[in-house]
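Below you'll find a set of structures to go through.
In what follows, chain A forms one complex with chain B and a second complex with chain C.
The block that comes next holds the complex of A and B.
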């Protein structure tokens, strides 16, 4: 907290409090959890199909895969940048792994090559943003289109072929009778808890998001940390993409479409901000879960699936409005 | 420097350096295309080029206005689609043509006003608002078109289709109208006080507000203008192709965005001209035309568009750094001075 006070001189006490203080940090987790439980309870009471183990299991499975992708994304948002290319990187990595496997590679080399490609994309994003001081929203829209195009090239080459059997089974790997991705999610949340409470790196990220200039003056390697965050975002999106490709068993051009907006919405619901300096992986996970419950509920209530797009857009605007208005109050 | 006052060239004094560069590239592209592909100078191809140029230019005029004040609108493609569908629905319900025309425009103006309200009044990031609106509008289009055939609405009264088919001496009236609009806006920008205020506002918002320019008010009406022009383009396009379906305007926002950046606009604001919008639109439309003539697969088209966007954004970023007085060495050198932000 002491360096924070030095850095945050001239920023109002409220903002400092919410940025890094022990009381403010993660303070919206409990209300968010309460809302999520309330939505789940409402659906469980009104819809008999909701509380079945298969439905809950598939919701949790889906959330746990998306969660892998939001890990890096949340930390990019903490440094006051954004990475809209996650959905495309997610698709590209999954399809690249799949097509390498179809070309008779074995699993680990294929996955590692695909993840290296993802890391490269993240590096390019981060490097361009840092070096040329570019608005990351704009730049990553460009890389989103570019990478999406490359992913579609791969999908076209595969032409609806299914991936090898071993790879199709991969996402269904169980550990203690629970899907492995769910276990990874739980471990990652515990890890994030420690990371966010204990590590200097997370604190530095918060400073960068709060005030880049003073972070630079205080000798924080802003460029390096931002590039690292972008790489983490692409790699985690890639890992999720590999699981998803295995889950949907074939190349699909729709894979990861609009994922970035789901993630922005979930991250902001979970306590991150477009204005940087904040972010909580536990909250992001809850945000994803809440969104998944809402979408699942809409399906239960027979609301047209095409209407989901409308709801995602509306939720995005609503959460960002909330975020902006809150930020203005704090200043 | 001290001995003579150098005469400033016309291009320099009108700040059209980037625009003339883009025009040069466009001419080059056209010459190359006419050599590479014999179909390029075919009357049919030229006619379809006009048809593609007209709505793009109309939308780009609205987008360029926003660029000048440092904003942009990604919902234009969806607005174009929904306003075409709105006027088609009105015609289907038996309303007269002028009413249907106005219904389409009103839809766009309403969406533009919503964007403007969120950005100017509530101060929300314009990219997020317009992206969200893009999603919502596409959702509404899907709902409105569910149950319709893929081609959508196709039967229109002849007086409506006539608007799109009108020609003067072999040149499409739509194209001439778009050019006229461009000239009108360019003279508004260069000859009137409100036009100059737009650039001033984008260049230095604080200073502009201090001199009494109403920032929020201007922002709001620029968004309304952008929505209205996108709707106008949508309705005219519906009249031209005789179809209103869910595919109209898909991905258009990125093309127009690139057109405005290439034509001299900047994400940071305070730059740009409507002539530049014309140059940018010519470039993007020719590029799309080239893709089609050389039958480039659509996924590679997306790769090229994305790469062009990245390139343009990077160049824009470098230009902004240069404007703030950083030496070339500090931008491209191995060890740049990192204290810039």
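The block that comes next holds the complex of A and C.
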């Protein structure tokens, strides 16, 4: 079934590029950073309102929250699975925390319970995928709908009520005059750099993603690692959800809608692949930033907000096409 | 009937030859699958092609069926030289070993798929079933044309598939192992169908491992060995022994003078007790002692392949036990078995065993990442050192430890895979087709590595369809046939004839 692997003397440019994502780890970060800077520069020159500290600050703040959610998501993609339930888990965890706070819980117990629920959802996703070998794309569409239903129940119960004041302030916590989520993002990127470069776990994830049967033959605990990745995906989505709930101050049924598609697009732009074996959290962060700049630019240019979905859709199609073509040529 | 003789001399061709191969050769990379094969098939006969695994049967069939073009030589159909695409479009029909039926459609629909009788642009259902019933009656088959295929026995499904080929008006039918997976009764029905087809004027090219069936049904038998033509025999008065001798051919010198008497005292390192998997293998018993190399041989469909995967937990067995050093292993997953000191070389490196887009160093260290790590972080220097050691030890021809496997030749890829397999310093090693598709040099090096491991007291279990390889490597050979253990041969009794008689024989 697999196309016969040619034993070529040289390596085609495409292969070299592909290998760059794994072997010469992170080599496509620089071009991506250059594109991002170019887009920012273009907006800064053409739009006076762009390069203001308040606009840049709010873009970075938004990206830093979404970034929390893409951490686990990226690593699920490395194992050649996908978790489309992130947007719903994001919403449920945020609203559950808010609901518990409205019911006079204190913050940490509320957040921990909500994150435990998120972890459970991730475990169920991973367990079903591993145990019954279900296609994670379809399975997590199911979880996405199911969890969205639960989130909507919470939203209806709260009925637009704002969260307690202490919680509304939570996302605006500053450390050294910088939003705490931005600091978390920077620390996480440094952590990811070490994790991806050095850790045995990340290598095993890459092995699983590139050839799951090889990984099995090499005694790698494939099932355990995949379940772990799905749990990480839900928990990081949950943490981002808690910050977002605090930021938007009330329960909103629109919260986290379509987030999964932003994640896929950003992760692939950042070097992950639908065909597994690759992924780079630094690239995912840049992908999110690039998308945020594009959307911000559209607002600056007074393009109808309804057009945002169109652009996200178009970018998603473009990235998965690019990903698939590259993958096929590499084979 | 015209007798088909090998076309050694370029003389006048007999009028009756429907198919002729002249000096056909085909290579896959460094592997020469066919070398100068020539033979003729007469019109209206049942012509069997016989050979061990890897003798070149499938390649020959693919060439005749027009799936691939030979590198050299000609294929004549009805006396005219043809191209692969002509043969593909022409009146040759092949029924593959694996069933290709529409399980949820009726018998009649399966037979006439793509050629349903129509009336006014719609399928004429009445005529469809009438014609199917007629066809079935013609061959004395008692099958309801409205039956859904899923509810038929495998034998009946196979028959429906053959009838589909018959219905396509093909004059040459190729049947590849049509009776594998059928019980004796079903096989008998199928063979009588094949005879009726011949009597009705069809020519049948028949490939089977079952010697008694071939002797039962074929008019002529062409034997291939190691990609070369051996002989075409007329089926009168020959017996299984004659065929086996020709399939096996050469006389190899005695293998490694293995002293199995010395090994008899060594402790049992690996044992399989009553392992079964529904439909694949039953009640397997096996012991391998420290320092021993045990070969497992079975023809395609014997269950040997599934058995090899089950003992490493890749496909979990349905019942039975595996013991390592006398200790039963409860969790039969690859990770757990590996943790207990077992290691496995996958039989097909294209499918699994390598990561084509990761460096040779990463490939070799894949099973031992945890050992090369501290606090969960991989010591990259150790990974490189380890790889350099193995590159030297196995003489892997690679630009450096950072090279990618996809840049290497098959033999060097195989050596990378063997390095990874031995990296854990396992006590029990399962090698699956250890030298499939590698050149002679790499083959010798892999064999040397296997012997060295045995000399260190490791227990080796080698699955191979390459019988000479097993004869040279193993202290004893366990043979599987029809999903069961068929017997065991050791020491001086290990000859190709003896093994083949157990693997392909009648009982």
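Just so we're on the same page, the second predicted complex is superposed on the first by the 308 of 331 C-alpha atoms of A that agree within 3 Å, B and C clash if a C-alpha of one lies under 4 Å from a C-alpha of the other, contacts with A are read in each partner's own complex, and residues count from 1 in each chain.
The rule is short, and it goes like this: a residue touches a chain if its C-beta (ideal position, glycine included) is under 8 Å from a C-beta of that chain, and two chains touch if they have at least 3 such contacts.
This structure is a prediction, so every number in the text was calculated from the model and none was measured.
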For A:218, using the defined touch cut-off, is the partner it touches chain B, chain C, both, or neither? Pick first, second, both or neither. second
Which of the two partners, first being chain B and second being chain C, lies in contact with A:200: first, second, both, or neither? second
Is A:139 in contact with chain B, with chain C, with both, or with neither (first, second, both, neither)? first
Of chain B and chain C, the partner touching more residues of chain A is B
With both complexes overlaid on chain A, does A:210 touch chain B (first), chain C (second), both or neither? second
After the superposition on A, what does A:326 contact: first (chain B), second (chain C), both or neither? neither
Thinking of the overlay built on chain A, is A:314 touched by chain B (first), by chain C (second), by both, or by neither? first
Touch check for A:187: first (chain B), second (chain C), both, or neither? neither
Going by the contact definition given at the top, which residues of chain A touch chain B in one complex and chain C in the other? 213, 216-217
Complex contact set, residues of chain C against chain A: 29, 312, 314, 334-335, 337-339, 344, 346, 350-359, 362, 366-367, 369-370, 372-373, 376-378, 380, 402, 404, 406-410, 413, 420, 424
What does chain A use to touch chain C in their complex? 2, 4-11, 15, 18-19, 22-23, 194, 198-201, 203-204, 206-207, 210-211, 213-221, 277, 330
Complex interface listing, chain B residues touching chain A: 118, 122-125, 127-129, 131-140, 142-143, 146, 254, 267, 297-307, 309-310, 313-314, 316-318, 320-321, 331, 336, 338-341
Partner chain B, residues of chain A touching it in the complex: 128, 131-135, 137-139, 141-150, 152-153, 155-156, 212-213, 216-217, 222-223, 258, 261, 264, 274, 304, 306-314, 316-317, 320-321, 324-325, 328
